[in-house]
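Shared between the two complexes below is chain A, which has chain B as its partner in the first and chain C in the second.
This part shows the complex of A and B:
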């Protein structure tokens, strides 16, 4: 456990100018994408954005606060269902229901955090996994509200009477990702972020400094669940058909993998990790018989060569230019 | 009725326990939760099947060779994937084992396809034991006996041999252990070899109760982790009993409380236990220096 101490320290290796340039280029490319890509490509890119939001939130929890969660797929699902139900059944405007769904899920996240406060490492992983199973089961069995195993089919989303097409939803996702980046940046560099880092290093030291570890764990879980739920609200209308099976443990493990591949405790890493996890399997789909084999090998190779994640590579390239 | 349920639960629980023990051996010495453990065991079991079916060995010849294969497999994987990651964040190594899990699953799929096979067992057609009116299948008895034997053998190995003491030293304090001449890298290799060996045994014993296919271990792996956590991951016997308890709890909850919420309630029980005993029922709270 002593080895994990030096990964989340904020290091500024990119100069401000280079960083701003890189960010600007990425943003310009992201804005141009809908005019270049076909429908399928746009779908993949939107999905990347959705998962990036979840990864951003999870990275605050795992990378900064050092708490493993295997129930983020369930938070994602609760957000998706809450948004869908509010929009379809209660007629709440789409943006408002995303927000309401996310606030509700943040409350669920805070509740999950309470028993999680005493647990660490694998014990925490299994407890959160248990919560994930329970939440997924509740979604499945609450048939009057969620239609259970039948799934929910959704009509296209609309904002202020204007129906969002594929590119509309893409730009909405992009806006949320930018907001999410800004939020995560602020949280991580502010008082909360520093408190989370010390909670990760040593709860006893945090206590000695007057930082209540328990409260910050609850805050981290709530923020993280909020991010996941916003992602869920976008996801529901991206795929337009949600089913409880979408939100199983496998997806939680995938979210955790995105964060680790991208780089624990790095904001940009969350985006890179999500892109890796969504785009590479899509590119490999053409290879006969072996997409799983190649993807698994890539996962192992990336981890063995870059245990600190892909973001370290991006940073190194940025430093060289 | 209730006796039947308990016996059925024990039978399922000992399948979890077999995988759980293999996971815990690696976990305790290297801190790495090996998500590839199930697939390693699956590959070993397929290797045993290949020896039986294509090479034509008998069960008693094929199984020791396959278990040795499991040992070698564990060491090779440790050398190639895990050794470079010693000193890196533990989560990186865990995600690497996740990748390995996908790789092994795909490789097995490419070699053996995705159909199901029936793995033979020398105990398959023996008449079940009767305790009162409750029949207990010979497979379950063999599995529980084998599980207990492994727990006892591993405990003795870790307590009374030089290599075992070295492994424990390496897990408790790598820096001091290294100063005392214990090679961390070699300890890790031994742990992975042992994990592969025990995993191989578990696959071969589990396969006759299920069907042999590439997803043989998928369902067992998470349950094994859950049972291990329930019992306490730092105690081999705790993991064993935790897995058995999990199997029994699942069966009883499913039958008496709610079939639909069976799994969910089982997890609620686990969470409740963890709230009271954060390191599992048999776990000791590790005192950490600041």
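This part shows the complex of A and C:
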């Protein structure tokens, strides 16, 4: 099989049955995890889930619609702060706060998309970079609400009076990841997903087909920000101490790397990418002084040997069996 | 025949081991595990590695002298890249997987603050972080103990000195407009307010390089003393700007100003400036400092002693002292009790430390340092903030 056909027919590589089996196995393993792992392992796994949600959203924007965003850490932060403030200061129930925070952040995302309607590639990246810095600065300066550089310490999360422990939060995250997967799958297979793919290829072609590129870009930004904010709402209560400096450009670049390492434009890739990004550095802890170096080299190796990302590899293996 | 001989030797070895275990129970005891998390990679890696080196030097010294109560100290340091979410992962790994008795010298203000919920719920002592956060000890957290005085305390010491020794009353604060700067100004105002001395407050944004506005304002206000609260690089810029205007006020600042770096950046303009010392300077003549420098040269010859490694070294020594005081017990209650019973303990590297059930910030004092001949010299005793 040539490379050309490989790219043209990526979707047929895993049969539906094999895909469902894989998903089922992963889900079963994920459900069993809290009974096997200690608190440390569970924390790392929950963090993976949180980042996977953000990556799923960013993948819709970058993988499907071809728009680069360097402000996803800020969306993540707005979601985290909105959820934290709603629950701690306004006494809104946790789940409702996550939803409200995510809707608010989606609106912010739609506003970011306004310059995105005119900009592309590097220019868009720089504009979103600026927006991320502005959002971070607002969180920092709005001390009365966010406590600025003092950070915000949170008490344990509760749902309907029942305090969520580490396992509870893990299962909540898992539920959101499943919802997120389902949502991303639906968007990507539906009219919006097809429109986004055409916008990515050529906005002129999209216009000729009667697809309003600007509108779909706004939609992509809003959905993507929604995902990031849900992740943020979970993150806030996972670490229970949020600080404006958590949400810097470095994290935005990390999110982008997750999507690219996992495989641009693939839903499974977002999950695998997030797992790679969170779990590999933990496994490299044993190497004294050099974990950063080894991790950096691994990134290069993955990109050179697997241009379609880790998910591309999973697929190729799946096809061979 | 040979087999018989081997059997005999093994049996004898086993016997010897058993005798050793009975006769010297200490040698067979498990080591005491202590954990640390800090930035060993990324932009602040120098800070994290320095603190870690210091602890390793102290533990090396203690173990060579037979350990504490016959038990060796084992140090496990984890990298977090100064990212609080990774600090939590480090801490959880150390406590739940490695079963450390305490977290020692965790490096970074935000990373340490992020550990508060975890250490409180897991009942893990968080000892002597390299951090200056108000929230670590106010209100008192059962499991958190600090040695470094937070910036608010430092400013109260400085304000006392300005009022009592320098007898100056026209004072301005040029400060970084963030959490740190505002915290510091709150400390100054607390003391100056009591003496009814007004404070001219001139904030600047972190990252700015143009200080002409704030310096001109301070000069116009007829100020004789400028408290600068920011990084040494910006302090140098402010000193240059004042010099350009032909204006020579007395400059002062918190512990970051009292760094050799200030001379590299500001040159002779730094002369005469005063800063708060939270620990002894590296070129001090105190025997404890000399001993620390010699120990680092012996146990980590390839590393350079810094004030960070001095903090790590002192933390390591303090931990051994606590274990000694608790009679070798390393459970949370014993460690907390031993620390809360520590009164006026002098490490020789900083102000004497006193902890109590209600006060977990060990040092509420600092000393005054003055820039003289391209060096920082301590010119006062350890002064209390109140």
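Everything below uses one rule, namely that the second predicted complex is superposed on the first by the 311 of 321 C-alpha atoms of A that agree within 3 Å, B and C clash if a C-alpha of one lies under 4 Å from a C-alpha of the other, contacts with A are read in each partner's own complex, and residues count from 1 in each chain.
In this section, a residue touches a chain if its C-beta (ideal position, glycine included) is under 8 Å from a C-beta of that chain, and two chains touch if they have at least 3 such contacts.
Since the structure is predicted, the reported quantities are computational estimates derived from the model, not experimental observations.
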Let me test your reading of the model: by the given contact rule, A:144 touches which partner, first (chain B), second (chain C), both or neither? neither
Partner contacting more residues of chain A (chain B vs chain C): B
Quick one: classify A:282 as touching chain B (first), chain C (second), both or neither. second
Contacts for A:261 in the overlay, against chain B (first) and chain C (second): which applies, first, second, both or neither? first
Just checking: does A:129 make contact with chain B only, chain C only, both, or neither of them? Give me first, second, both or neither. first
Dual-contact residues of chain A (chain B, chain C) 289, 292
Inside the complex, what are the residues of chain B that reach chain A? 27, 31, 33, 81, 84-85, 87-96, 98-107, 109-110, 222, 225-226, 229, 233, 260-261, 263-264, 267-268, 270-271, 274-275, 278-280, 288, 290
Interface residues, chain A side, partner chain C - complex: 38-40, 43-44, 47, 140, 148-151, 153-154, 156, 235, 238-241, 243, 245-246, 281-282, 285, 289, 291-292
Spell out the residues on chain A that touch chain B in their complex, using ranges where they run on. 1, 3-4, 7, 62, 68, 115, 118-120, 122-123, 125-127, 129-131, 133-134, 137-138, 141, 202, 204-205, 249, 253, 256-257, 260-261, 264, 289-290, 292-293, 295-300, 303-304, 307-309
Going by the contact rule set out above, which residues of chain C touch chain A in the complex? 40-42, 78-79, 81, 83-86, 88-89, 92-93, 95-97, 110, 113-114, 116-118, 134-135, 178-180
